[in-house]
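Okay, so subunit A shows up in both of these, paired with subunit B first and subunit C after.
Take a look at the complex of A and B:
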């Protein structure tokens, strides 16, 4: 009854050949990228594959992800059914049939049931795309109901329907089907048909299934469904360290600095571009995209792919592509304004189901603009000069750095004596509002009897802003200066009051061989509370309090509980959350060096965040970062809501400790 | 074309200045140095002119001072100057503008510079004399306080800033000296490849004593900070507390509340 394999064999071979050729072409393009180590610690990588790929951990973090989860597993199981199908087509009688009935029957049931589930999922996906499409599925280069999306859904549905018809016709002809409830139900509808008609139906369904299967396979490497092939390896090759920590650069003559052409990206960066599923979740969360800036993290990945495909033929010959990577040439190029719009909040990194690393690519392109072209928003000229000349973004004389401590007496860090280096940071040292946080933290540390000291005028900026802005050369000098200073002073433990200092010292400085205990003040205060070293005589009265997650404390360092614990200890109540909080928190707008840039396009990010808070009518917004403090205070002023106080967690705790 | 840019290294103006032991200059210890702001405009304009002329001209950048001056020269090289001359003088602050001009002129006299760029004044001494004296001593055309610069067919059309926001436009054929003012251009940020290239460019050292022939025309008698005339008070802290303290001050120390 099986179709003539003399026809099928050449079709199959041709399809496999074209499929392999397409994959080879794509992988050849990936190989154009620079080398990067992504195979170390294989055990850890495999564990990630199990949870992110097979467990669909991130996919399931949103309700509709369940639909994908079912489809994903249906595909995996049906892979076996399809291998069986192809084998039977090639060598009649050779397939799962040959196995004992005790194995075949459960498999028959499984394939039948799973195919129905897959068909339901396709229908649900179609209804969602057509009737209830969330806005983030579409954007300026694609839409929720794109031809590609509908074609793929149509092909999957066709495969399932053909599978059922094929089985139903066979059951109607030869009986059986006891373990194929769906197919058997359809076969009952066919009862009474002439055997020749049933045989024709079987032949037709078989060929439709075969052709669509081979077509689908060939479409994969040429569409966004390439992710079916690349997503699992992409989870394996993921960054095991914090992906927000950009790789170091080597400063030697004749080298390139940053990325100005697609082939300067690493092979993993290019592999990322073939792994994007176009799910749009990064676009949905991006604070720049949400406030009308030209940046869309998904678009950046898309543009890299388009650029690579277009310049590919020339690059494979060892030449240069015609389409520039950075510029205003539309699809396939990233606009400079888009690159400067990023707040490096990391929402895209944290949400991507296939672990694409958007942020480092943006920083790599910024590096090119800053270091090779000297081209950046004019405000940064001042910032860079202030950083290089005076080691702080405001350009205040370095001798003023330790002045806030003058009322506390001698507080320098003494090697061998002092336990904690209090790395105050630029905001805490120079910004008049943030200095109040510094003083509050000092009073808390004193109240708990912690031994702490500062570096005073010897402290220099951690370099967070310059690194995120792509000025790696200046960052490198600052990092080396600080690391050397910490080593000379024999520093073992550091506490910071700024998540940017915290993350830079803790994560970025590892690249410089510095592995110390670095604590954000929220962590240290929470520790002191739990150790009973801080007792609150009365609770601080803050009214209705909302806690705003700082990106660099929360998302970039997974510290969500400590600041909340501090607030709870100080006020006696767990703080309220913003609508978007923790991993989904919305940036204040100041990260990635945006603190020092004008925000001229679209609406203001801090306004969006403040409006989100004001819906809940809070009395106090509690922060854990001096940048968030500035942005939210400014936003509240602009919205005429100055009655809402912005307090750092240290201020709330210091208030509670007052007798 | 042969271009000379004269630059000075000055302390960061954000620094805390102290009068030195002899009472005639500031104490140079514990200060961070940078290129005099106006001289950065001079470097930028020279590099722009070089670019305009298809990179044909050669730019020499000159600075007088102690060893640290090499940093300023390296930055100028990274911005696009071709070679640097460091006139070594650990005591350059003791020399008056006449002597500084004399040193520059001794160096430049036989070099046939077509145009000399410099800042309109230094941020520390602020005499604004060196540029014009170099022009006079070398018998060159001279225009000061440039906020606009155009070069065509051997002549410079310069927009000058006068007092009270008035501008004037002058045209001067080369050879000439021009001094640069804020607003002329935005000095470029040196790119990393250019910083690396600058390390290989020529940096010639010449002792100042081999060039200086003149005695000072004016000596500095005394340097002192202005007498304090009632300082301001900056209130910090909680908004409510600050308001109370302000109210108290207004009540006690002024008559506005009476």
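Take a look at the complex of A and C:
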């Protein structure tokens, strides 16, 4: 009854060959990239594969992810059914049938039931894409109802239907089917048909299933469904350190700085581009995209892929591609404006279900623009000059750094005596608004009896802005300077009042061999509260208070609880959340060096965030970052809502301690 | 008279207590016999038994912290020796003599005249004023160096601002400023005429050219000087802020020539223009072919957007408005005041964002950095991003409702109050004063 395998064998072989060839072509392109170590600590990597790939951890973080979860597992289980199917087509009688009935019967049931589930999921997905498509599925180069998406859904549905018809026809002809409830139900509809008709139906369903299966397989490497093949390895090769920390650059004669052509990316960067599932979640959260900027993180990954595919043939022969990676050439090319629009908030990194690293690619391209081309928005000229000469963004005299502490007496860090180095940061040292936070934190530390000291005029900028802006050379200088200073002074513990200093000292400086205990002030204050070293005499009155998550504290360092705990301790009640909060929080617009750039395209990121807050009519917005402070205060003034106060968590706590 | 030849006593070097500035062991490195070692505090201790009395350390010490010590017998001997040889004649070693000969070859003060399509940067005229004083002190002529295409007519303008001589290079290859041809040409002129002082504006062009020229001719260059003078040895004293403006450093270039300095616009006073003043025009030639210049000028794009020709960066009086002005229409109030004072209107970022003023008027971190003589901040709270763009103004007058506004921290005069009352009152006041003085800006406002 099985179809003639003489016809199937050549078809199968041909399909496998073309499939392998397609995959080989893609992998060859990936190999064009620069080398990068991504196989260390295999245990940790495997654990990641289990939770992110097989557990679909990120996929499930959104309600509709469940549908994909079911489809994914149905796909894995049915892979076994399809191997069986193919084996039987190649070698009649050879397959799962040969196993004992105790194994075959449960499997029959499983495949039957899972196929139904898969069919339902496909239908749900189709309805969603056609009728309730969320806006982020589409963008300027694809639509929610793209032909490709519909074709794939159609093919999967066809496979399921053919599978049921095939089994139903067989059950109607030969009986059985006790363990295949769905197929058996269909077979009852076929009861009374002539045996020859049933045999023809079986043959037809079998061939449809076989052809569609092979077609599907060949479609994979040539579509966004390449992710079926690459997502799992991509989870394995993920960055084990913070993916937001860009790799260090070596400054030597003859080297290139940054990425100007697709082959200068690492192989993992290129592999990322083949792993994108086009789910659009990064696009949905991106603050730049949401406010009408030309940046779309998904588009960056897509452009890298298109560029690689187009330049691939030349690159494989050691030549150079025609299509530039950075420029205004449309698809396959990233525009400079898009690259400068990124706030490095890391929302794309945190949401990507297959762990694609968008942000470092953007910074690598910025590095090329800054270090090899000297091409950047003109406002940055001032910033870079000030950073290089005075080691602060405003070009203020370094001797001004420690002046805020002059009223507190001698507060310099004494090696061997002082426990915490208070790394004040540029904003905290020079910006009159942020200085109030600095003073508030100092008073809290004093109230808790913490031993702390500052470096004063010797402190230099941590280099966060210059690093995110691609001026790696200046960052490198600053990082070396700071690390040497910390080592000379024998610093063991650092507290910062700025999440940018915090993340840079804690994560980026690891590349320079510095592994210290670095705490953001929210963490230290929360610790002091929980240790009973800080007791609040009377709660601070802040009215309705919303807490705004700083990207560099929250998403980049998973610190969500500490600042909220501080607010709760100070005010007696847990702070309210924005609509988009914690991992999904929306950036204030100042990160990634955007603080120093004009925002000329689209609407203002800080306005969008302030509007989101004002919907809840708060009295106070609480922040944990001097940049957020500036952006939200400005946004509130622009919106005529100056009655809403913006306070740092330290100010709220200091207020509570005062009474 | 005793005619036996007396050997000049050399004495030994010793430290003058309390004068050492711990400059970094210049004396130690000058000592030919390694007789000086530095103490922990960075002060020298001199091994008297090693000292040969060459006095090199005394000469090299910038603080006058080292002196030659003579025993009474030696002093006696010294007197006799001086009587024999004449007291003033100095004993020079060959290197010193050579140096003095070299220095003597260089005479004259030059000012590089920066121009774009025949329009001269104001700073060049300011420098002619400063250069004139130097030239008078040195008793040498002041030359204006003009390089470009069709620039001969600028000579008269240069004479009217005080130049005695104009050195002109007029050729098509100099039509647009490019580092290489200008550097080569200026180095050629320096080699030929050997000036002792060259001044340039600390503009984009001046900074670029001065650095290149100084590197090629192997001399020192002091950037962004705020004061220039001449010492008793004909050396140029170049004063500029150092260490973030916390100290003023006077930098000398006493062993190399020419002495080069750049000065920012508006630092030196504009000299009086004397039309009809005459001078000598020296037309020079320099053989440079266009094809030998690697950099090509493809197009010149002006950063003036065509609509707004006002350059606030160069203005001497700026009346700036911020969010406190509440609306675009209220900027007319500032315009009125600015017009009365002969100034221009600027804006803070929030006013520009609100669309009240064009971006070209924005003062601050992401706008323009200004250094006017008077900056009047109206309704500007003074966020750091704004302060860094205007805090170097000579006089800052801040008007704001909020007495806590950070702008008051940098203000020379602060007025806490309503801008809508204060600004019109100021305008009326200026107008009245002007009427009283016959339509001119009163002296106390004149700049």
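Here is the rule we use: the second predicted complex is superposed on the first by the 658 of 659 C-alpha atoms of A that agree within 3 Å, B and C clash if a C-alpha of one lies under 4 Å from a C-alpha of the other, contacts with A are read in each partner's own complex, and residues count from 1 in each chain.
FYI, contacts are C-beta pairs under 8 Å (C-beta built on N, C-alpha and C of every residue); 3 or more make two chains touch, one makes a residue touch a chain.
All values derive from a computational prediction rather than experimental measurement.
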Based on the superposed arrangement around subunit A, label subunit B with subunit C as either clash or fit. clash
If you stack the two complexes on chain A, which partner ends up touching A:473: first (subunit B), second (subunit C), both, or neither? first
First (subunit B), second (subunit C), both or neither: which does A:431 touch? second
Does the superposition put A:395 against subunit B (first), subunit C (second), both, or neither? both
In the overlay, answer first, second, both or neither for which of subunit B and subunit C A:373 touches. first
By the touch definition at the top of the document, which applies to A:382: first (subunit B), second (subunit C), both, or neither? second
Pick one for A:253: touches subunit B only (first), subunit C only (second), both, or neither. first
After lining up the shared chain so the two structures overlap, which partner does A:638 touch, if you call subunit B first and subunit C second: first, second, both or neither? second
Subunit A contact set shared between subunit B and subunit C covers 390, 395-399, 432
List the residues on subunit C that touch subunit A in their complex, please. 243-246, 323, 350, 353-354, 359, 365-366, 369, 382-385, 387-388, 406, 409
State the interface residues of subunit B toward subunit A in the complex, per the touch definition above. 12, 14-16, 30, 32, 34, 186, 188-193, 195-197, 236-237
The subunit A residues in contact with subunit C across the complex are 379, 382-383, 390, 393-400, 430-433, 596-598, 604, 630, 634, 637-638
Spell out the part of subunit A that touches subunit B in their complex, as residue ranges. 251-253, 257, 370-374, 376, 378, 381, 384, 389-390, 395-399, 432, 435-436, 473
